[in-house]
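The structure's right below; bear with me while I get my questions together.
As written, the chains take the letters A, B and C, and residue 1 is the first residue of each chain.
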């Protein structure tokens, strides 16, 4: 499995965000995207999650350009990708129902209807994978709690479990820890590494250089309307090719 | 005897004879209004989602139709529906004049804009993030719509109840298209609580009118109580 | 053409109805063909509100295994509904409007059904001096002459239609009347109340006047034919089948069965014996001194064959 953005151009109206951006992720690696606020990290992740088609260039899944295949095929590709947003964006339901959501949409309408009706009469048959995913983020005990009653950190961990539960090939994380305290951050970073060990490819957008250093195998630096540098974490941080990278990392370059 | 005593006696004495009549009227009323509201809801939710989240030509027009429709006078709706279902009208061949089906039709016209308008406000307040999450988890557009409806459920329930309140308490259109018919054995054919109240009051049978009025008021109060509860429950979402 | 709901229902109801017809031992051979169907009868509010129709319809429904849907509307609306083919038979008391309905070809087989009468009421001081007058038109003329207050229903009801017919008879033009001619703008009850408050004359059906007599100060000044007064105050009720040649969807067979029943001895006796508050409201045509069994056509009207 490889998910790639190849020479992607994208703009919102007249506002150009990318002019030729390429990035790839393979199983079992964590790729961090760093860059100043507003540079387009979220936009890149949304393109990789197949929300919108890029203006130009291609998003390619295993050599298959996803915007040139049928809707059904593209849905299958989408379903191999998981995503966590900057805010948890949980559904107004129990923690377990949130974690199960991805599994439910993959079921037949019959099964889903039966499940909904079962839920109405209080008969809940939890799916193993959702419970396991909650276990990974340490929230198994809270499964029956209302999602709205969780703390911000717990909610973000549930959002991670929700994306993990259906065992995606790729996880796209958009600044998942930017609002979290160190303890919740640590739990999520451990979960990311556990996902990598399960051969999931992870792309994480982050402001936090240290986080990138801690968990990423490779780092891409997004600046202006392009990725100015991409390479193994250690090399990018220790010995950047582009001078702007060095300035950005050291904090000299303020945007 | 005081007035209350008189009324009480009238109730107790007349009640067994009136009971079948009243029950059949309440049944027709509920059948017509519940069916109309159920069908309106099925019609309204897709429209609310469409207007709430899609850009298309004529959207402004549709929105103003919905807004105008929320306050449409029921007699006017009755006249328009009568014109449509009359033997001379476009739906004439279905022979719907003076039937519960025609009443359902006119109540759909009355309730659907209310349900659409209130639902629109409810679904519009569902955060884009949550919809995005449903899509990102592998949901189809239909799944996203379902999630939106679920998230807006309190608001939509309020909308449905508001529509029901409007349908069950309107008198103009059901009178015109339904004809307020009761069979000769005293059971309702197209007579609803509201049209019966009007008739009974006109004929001076105030006791029966009062019982029906009380039933209607209880029904409407009940609906309002639920709306208020749901309204405050909806604010809990976060 | 799509299957009609009534026809559909009649297929469903057929079996039941045949059973019913068997039970009652009906002598009519056309029973099974119309049983299970629904007859839509439009009539005026005042007729409906007397409760007579329930008494009349129940035996008919039992005998034929059919349903009669009686819809109470204003006179104009009842005729309009029939005109549109949305009812099968119409029962009203507004001769001139019925005539128009017949003349335009919407109705066939009109029959005289029953009658009661109107009376002219007013204040006891009777400024136009109409008390005891046995010609309604003359009484109206006197009122106009004296420019005494007169309250009209003004709503195109049967009563209003009758009032206009009488004015027509006097040769006076209603549109030219002065401020003494008031529009009561509503039901009979409201009009009586207005006449009572303004101290005016009005035309009222005997039943309503007797009902309200205790609450108002108006006196009965000109009698109708029921008490031997002015023939012009006769309030005859007619029943007309909607012409199946104009509206092929109407249930003409059933309408004619209904007209047959309602003008039969059985129907006429129910009408004659019907009492509301111990008061006889209607006088059956067939049981009257001078019964008219024939179809009556608008006066001086010959049906042209080419329309």
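Following the convention adopted for this analysis, a contact is a pair of C-beta atoms (placed from the backbone, for glycine too) under 8 Å apart; a residue touches a chain by one contact, two chains touch by 3 or more.
Molecules present, by chain and UniProt name: A = ABC transporter; B = Binding-protein-dependent transport system inner membrane protein; C = Molybdate transport protein.
If you're wondering where the values come from, they're calculated on a predicted model, not measured in any experiment.
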| query | Among line, ring, star, complete and other, which one matches the pattern of chain touches? | reply | line
| query | Measuring centre to centre with C-alpha atoms, which chain is farthest from subunit C (Molybdate transport protein)? | reply | A
| message | Taking the mean of the C-alpha atoms as each chain's centre, how many Å separate subunit B from subunit C (Molybdate transport protein)? | response | 36
| request: Starting from the mean Cα coordinates of subunit A (ABC transporter) and subunit B, work out the distance between those two points in Å. | output: 45
| request: Calculate how many whole Å lie between the centre of subunit A (ABC transporter) and the centre of subunit C (Molybdate transport protein), each centre taken as the average of the chain's C-alpha atoms. | output: 80
| field | Shared interface positions of subunit A (ABC transporter), touching two or more other chains | value | none
| subunit B residues touching subunit A (ABC transporter) - in the complex, by the definition given at the top | 127, 129-130, 132-140, 143, 147, 150-151, 236-238
| said: Help me check something: in the complex, which residues belonging to subunit C (Molybdate transport protein) touch subunit B? | reply: 1-2, 4-6, 40, 45, 49, 53-58, 61, 67-73, 81, 84-87, 187, 247, 249
| query | For subunit A (ABC transporter), which residues are in contact with subunit B within the complex? | reply | 49, 51, 75, 78-79, 81-83, 85, 87, 89-93, 101-102, 105-106, 148, 159, 162-163, 166, 172
| query | In their shared complex, at which residues does subunit B touch subunit C (Molybdate transport protein)? | reply | 86-88, 92-99, 179-181, 183-186, 189-190, 199, 202-203
